[in-house]
Structures are given as structure tokens and as C-alpha cells.
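Shared between the two complexes below is subunit A, which has subunit B as its partner in the first and subunit C in the second.
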Partner chain A sequence: MSINLSVQSVLDSIESAQKNDIVPDQEFVLQGSVMDLSVSVLLSRLRGLCDNADSLPETFHDQEICFILKDFSNPGAVGPGTGGVMLRVRKALDHPELPWQLRYTGQPEVGNRPALLRNCLDVPVSSNICDFLHELGAKVDHEYVSKGYIMRKGRIKVTVFKIFKVGGKEVQEGVTKSHVVELSALTTRVDEAIATDLRIVADQLKPLVNLQNLDYRRL
Partner chain B sequence: MQREDRLLEVTVDTVVQRVTDLKQSLGLLLQKLEHEGESADWPDYLQQYSVISGQMITLLKVLRNEKTPVLRNYLTLPLQLNADPDEALLRSTENRVPAFSHDFVPDLLRTKPDPELEMKFHTLNAKMNIMNSDTSSKQINQHNKVVKHIVEMVSSARDEWETETSRSSLPQTCSINETHSLLAAIGTGKQHQVGKAPSSIKTNIKAAGQMHPYRQ
Partner chain C sequence: MGVTVLQTFPDAFRYGYKEVEKLHTRIAHLGAQPNGVFQVDCDTYYMNQQNSQFNDIPGSGSTVNKKLHILHNTETPASTYAIIESPGKQVTLCADLMFDLLLPRLSHMYTAKKNLKVETKGTRFTVSDFIVKIGSVSMSSGQYKGILVEVEYLACSVPALCWPILREFLQSFMGFCVSSQPPPYLQARFQQVQGPQDTMQQYLEKFNEFRESSAYPVTGSLSASQPGTTSTSTPS
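Then we have the complex of A and B:
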């Protein structure tokens, strides 16, 4: 009984948070790339800009598998935009003990903002998530390995990483001769002030990197 | 005669208006000095100074205008002094003059500067005349030379800086095409067909499934 009550109270607080628009389910993103030769320059500049300038940037090595869950309630729909929901499963290759992560990112919001705004949900999951998604009818769309550095500046997450194809055994081939540079910040539906901060950091990285609000679907 | 009176009235009104503006800006500057002192940034101070000097210039322009009657031709005569406090006067002078008495009136109606100031002015004038015209022109030339040199230094530094920035943009550090292929690869797996090989993933999933405790 007591468990039921506490579940109810949690549901209530979630509901009230949703009503008051204080759920951090939005993210502002700016993306760009830097050539491999200039990565060290960018990193030293970022170290100066970001928090904890005295320590080396943290590294990460992730595998990301993207699933597409088709919309079965509308089987007749064809063409772009009806591709179903894309769900991304991430696991840390360098930290196998950590939980996996299921990530959903929505379509970019319409409107003129300093940074791209999109819906975003991150859930820590157990390692059988792929099985679960498979049972739901989701199909693997593509996968890749990302390896790079992560830094923080206040609420802003800064990542610099290279993308590799997932080949045979341990043989990983870079997709291009550049690293991806990404600034992102979680925010709520009502708080858009952080977008300006994102833009300010991005401007400080010019002309080394040119970060933009790019919509990958239009590329 | 009536026309002249009206003209005088209008002129005095304008002058009073200009002086009030000037007084307000001076008050603002004093307030800033008192409250912020050295912590205020100097462009702010410069801006206030330029406002004040602009207001001074307009005031002088009004006084020198051809249509403005020559005010010094008008006399102000104190006809009656009164030692009693005057409420209206106190209000109109912002609490500075409590009564139209013999204590204040001579100062208020004075047309010559303070004797002290006048002395200072005279000594400066005398000093100016004493100085040799040769020495002064030499000093002016030297000053101009120094200023010219500084201007040259600044402009050459600017030229250098500009060419340097244009040169540093030559080596490319990022490419928009690469950005596009990378983002497309992350977002859709397209273009470079990132690991578009479901077979390897299936084994992956199986391996994950077998690791699951409930299956064992």
C-alpha cells in the first residue's frame, strides 16, 4: 500500500513538473567539425574556455546503434517523414560496467534561434535493451563508434570526437578526416536563455571551427 | 517695444532651459563619481563629458545667435531687499536662497568673476605674454612630432595585424563538407554508409541476450 502511495506521489510530481514546463526534455545543439590536424589546437583552446582547465579533458569511447521503430498503426504511409521513430542505444566501450543508454531525439523545432532546439530524452537501460527493442519490432538502421573528448562549461556539454565505421574485429576506419565538434545543453520548454550562451562559446571558437545549427535531415 | 520684450522673454526662457539641461547632466556626472568612482568604465565618463560639452556649445550658440538680444545691455537693479525668508524663492532656487537679503543679492547679481579667479586669470595671461614666441612654437612643433609618430605606430601595427589575420585564415581547420558528411553519418548512417551491416549487429544482440541472467 505504501509503495502504491509513493508511486502515486511520484506520478503527481512528474505531472506537476510537466504542467509547469520544468522538465529538462529539450536540448540546444550546435554542431560542426574540425580537421584531425587541428584537434590539438581546438582542445587547448577549449581547455582554456571550459571548467576544470587544470585537468586533461575526459575521454570517451562509445558505440552507438540506431534502431528504427516503424509506425505500425499507419502502415500505408510512405515517403520521407514516415520513417518511424529513431531510437539510439549507446554503450561505453571503455567502461563496460556502466549502464547502457537509450536516447531519443525529436525533430528540430521550427523557428529562428541561436541554436538548434529539439526534444530529447535519455534513459539509462540494462544491456538487454537491444533484445527488447528487437521484440518491439525495431530494426537496426546503422551503427558507429565514436571516440573523443568531453568537457563541460557550466551547463554546456562540449564533445569533440571522431566517428568510425564498425568493421570486422577491432579494425576501425574513420569516416572522414575530421572530428565532430558538438555543444549541447539540456533545458526546459520555457528556458531558452542558454541558447545565447551556446552561441557565445561557439563564436569564441571561430575561425578554428564553425559551429552551426544544422539539421541533418536536410543534408 | 512690445516685440522686444517678448523676444527677451523667449530668450531668457531658452537660456534657462539650456542651463537646466546642463545642470542635470552635471548632477548625473557628480552622482556617478560619488557612487561608482573609479569602478565605472571610462567610456561612460567620456560619454557624459561629451554630453556636457555638447550642451555647453548649444548654450553658447543660443547666446551668440544674431536674434538673441545682447543681454549685457540689460540691467538688473535690486529695488528692495528683504531679510524675511521667502518660501517661493526657496522653492524656485531649490533650497539655495532662503531670502532676498543683503547677504545673497550682491553675490547673485555680480557680473565680474570672483576676485580670486580674476587674479588667477591675470597671472596666467601675464605668464603667456612672458613666454618667448620662439620657445612656444618649438614646443608646439615637438608635440606635433610626437603625436604624428604615435599615429604612425598605431597604423603600422594595424596593417600588420590585418595582414596577419588574413594569412592565418589560409590553413584550413574545418570544412563544411566534412561537417555535413559526419552529421549525416551520425543522423542517418547515410553517405558513407557507416557500418550499414546488420549481420554484425545481430550477433551483437545475441551475445547481449546470452549474457542476460534470466536466460540462464
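Then we have the complex of A and C:
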């Protein structure tokens, strides 16, 4: 007894987007690090390279909580999916009005590419996401605060940030004496041209920082 | 965002579209203007069996299978609502539509039960400060389940302040199937500001009722009539 109404369901739009390969669910990444003392030099170089060179780089101050969703009742299990899925929740401490972000990053893809390629999904969510993930069965793995600068060069996102421990102390304690430098670009399944652009920018930053295709599975 | 009330319109003889048309006529007498179509759908994922022991209730020896409901509403087309349901607790997450693409990655923990997919679709009307959506509820198999009417009063966000006018409006075209008491969901949040997630939670409650209702025979189909044309269906 259904009625034939031509309603375009919400689901149709995401399915057709996926079918047409326009969902930006792949990410190219290059990472490196620079000592705290040299950050200002690197920032000057980046300001010259990136868009909007006349304005100061935008700052960010985020907290990231990493959850692992897996079958915790069976720690000895082997097989696909038993390692669990890592879901990262990120909130902007300096902009509490912004939606929280849920991020999934997959394993790095195998293959010889100029930059590391991995599957990723960014989903803006409501602020009860931590409660939701706990109910879903996920557990907190680790959390940290990152504070730094973000710049753009076309489609490339450039971040320079320092990682701090989470705590109620007035003076935040850095995890290391260096800053992380990351170049990343979101792309679709079929478009891999951006990886070369990423490599070109990375080469222009030498010798201040050596950005590499880091296979963090070996760490 | 105003206050939304969902009301099941009784259709004991399963006339389906005839009853929907009746409601369309009645609401037209109140000056309602048809304003497009709408759809709300709900998919349900179950926690995989091998993981459910993880949810043992201490001392009871029984296991709980958590349910993850994924809902979409054409009124908020860029959002996905994920509702996790476990005994005594329900958490509603409002997320971007990209959340749907995340679900296949959770397949090691949650699997969809395709035959449980339920949706309501129909015509959307506006009557001054009210939005009325008269929907026909069906399962993914096409099995007709009933009629669900959504009424939203745009001018107010707190149920306690507008229940009398909502009740009067609902009764004006649906008669006395509308109780004079607010629905339990609203009663529990009578003084709180309502948001889109409240609408979705009410939809989930109603969908669960429809899924569980097996009082009616499953046979019968309704001819596919478009709004505005005369229905030629006969009672099944």
C-alpha cells in the first residue's frame, strides 16, 4: 500500500556522490618536524609560499580524543576487523561554538607514491559525540591538545603545531621540544595529481624541514 | 525550529491512500497549501552477535544487543541522525551526511538489518504557522504499515507554552484520535526547547511501534495514485 511519490531521499544524494567519485575521502599526507627554536623561520618561509601572504597565519587550538572501536571482550581474536577502528574526535578549544569533528583515517595505501595516501572521512557532529561513542562500545585510547598555525596553498593544507599533554595545569606541558609540520590535501578516489604538488611544496621547504612519506605502521 | 508532534492516524481497515486523501481534503478546508513532498527513513544496525557478550548485564547473565538507528529527514537534507539505543539510555547524535559513509567501516561491530528499514513519505502542507506532513509508513519491502502525521508549530519552541494550540489544531482535522494529553515524549520534555533531534527521536519511537505492530494482515496493495488525482483503490 505504498504511495508513489517522487521524493528524492536524503540517502540518494550521498549514494550518487559516491558513485560519481566526488566524495573527498582520500588524503595525501607528508609529515615532518622542526625544533621549537626554528619555527619562526619556517613560518616566514611558509608565509612567502602560501596564499594570503599579506595576513598573519591563522591559529588553531584543538583538543583531540582518539577512540578505538573494537571487540574488547575478545582481546586475543585475530582476523579482519579485530584490530578495531580508530575514530578521532576533535574540538576547537578557541572556538567552542563550532561543531565537533569526527575523523576516521584508514591504513596507508600500499604503493610507491610521492606522498602517503590514506582513506579518511571527516564528519562534523554534535557535541555529544563522546557520549555516543562510549555507548557504541568505543574506548578512549589517548588524547592530546594541539596548538599552532594553519595555512593554505591552493588545495593544500599546511599545519605547523605543537602537541601538548591534556591537563588542568595553567602552563601546558609540551610532549616534545619540536613542532609537527604537516602538508595534506583531500582528494577523491580518482584524482591523484595533487600528490605531486604536495611533493613540490615539500621540496621548497628544504632544508628547513624534511617532509617525508612516513609509514607510521612501523613506528 | 518549533515544536513538533507526531500522531498516528488510525487506519484499521487499511484503506491507505483513501485515508490519506481524506486527511488532505480536511486540511485543505483549513486553508492548507501543499508545499512539496517529504521523506523520513530509518535503518537499523544491530551489534554483531559475537560482540554482544561485551554488553552483559552484570549479575543477570543475559546479554543486550545494542541497536544503532540511522535516520534521515528531507527537512534537514544535509544531516544524518544516529541514535544508539541500549536499555534505559538513548543517545542521539546529529551528524553531517558523511556519517553514512563511516558506517561500512563499523561493520565489524554493527550490521544492518535490511528488512527492518522503514520510511514515511507524503505531502508537506503549510497552514500559517503550522507545517503539516501527512505520511504513509511502509517497510523497505513495500509493506504498508499505517499513516503518520507530523505537525510542527513554528512560532514556539517549548511544548508547555503551545500544547493547547497544537492539540486544538490536531483535533481540528484528525478528530478525537488525538489525546488531550501531550504524547509521553513531549511530556517528559515539556519545559525544554525542542530541536530537530527531538523530531527524529519521536519518529524513531513511532517507527518502532509500527515495526512491532503485526496486528494487521500483511496482504494488500494500494494503487499508485498521485496527489490530486482520485484514488481508485479499494479496501484490501
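Convention: the second predicted complex is superposed on the first by the 193 of 219 C-alpha atoms of A that agree within 3 Å, B and C clash if a C-alpha of one lies under 4 Å from a C-alpha of the other, contacts with A are read in each partner's own complex, and residues count from 1 in each chain.
The rule is simple: a residue touches a chain if its C-beta (ideal position, glycine included) is under 8 Å from a C-beta of that chain, and two chains touch if they have at least 3 such contacts.
Being a predicted model, the structure only gives us computed values, none of them experimental.
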{"item": "Which of subunit B and subunit C A:Gly32 touches, first, second, both or neither", "value": "first"}
{"item": "First (subunit B), second (subunit C), both or neither touched by A:Asn52", "value": "neither"}
{"item": "Which superposed partner A:Ser44 touches (first subunit B, second subunit C, both, neither)", "value": "neither"}
{"item": "Contacts of A:Ile163 with subunit B and subunit C, given as first, second, both or neither", "value": "first"}
{"item": "First (subunit B), second (subunit C), both or neither touched by A:Gly137", "value": "second"}
{"item": "Partner chain in contact with A:Gln204 - subunit B first, subunit C second, else both or neither", "value": "neither"}
{"item": "Touched partner set for A:Asn128, first subunit B, second subunit C, both or neither", "value": "both"}
{"item": "On subunit A, positions contacted by subunit B and by subunit C", "value": "128, 131"}
{"item": "Subunit A residues within the subunit C interface of the complex", "value": "1-11, 13-14, 18, 23, 25, 69-74, 80-82, 84-85, 102, 104, 106, 121-126, 128-129, 131-132, 135-137"}
{"item": "Residues on subunit B engaged by subunit A in the complex (per definition of touch)", "value": "169, 172-176, 178-189, 192-198, 200-202, 204-205, 208-209, 211-212"}
{"item": "Residues of subunit C touching subunit A in the complex", "value": "14, 16-17, 20, 37-39, 41, 47, 50-51, 53-55, 66, 68, 72-74, 77, 80, 82, 84, 86, 89, 91-102, 105-110, 119, 121-123, 136, 138, 142-144, 197, 220-222, 224-227, 233, 236"}
{"item": "Parts of subunit A lying in touch with subunit B, wherever the complex brings them together", "value": "31-35, 37-38, 41-42, 64-66, 127-128, 130-131, 134, 139-144, 163, 165-167, 175-178, 180, 207-210, 212, 214, 216-217, 219"}
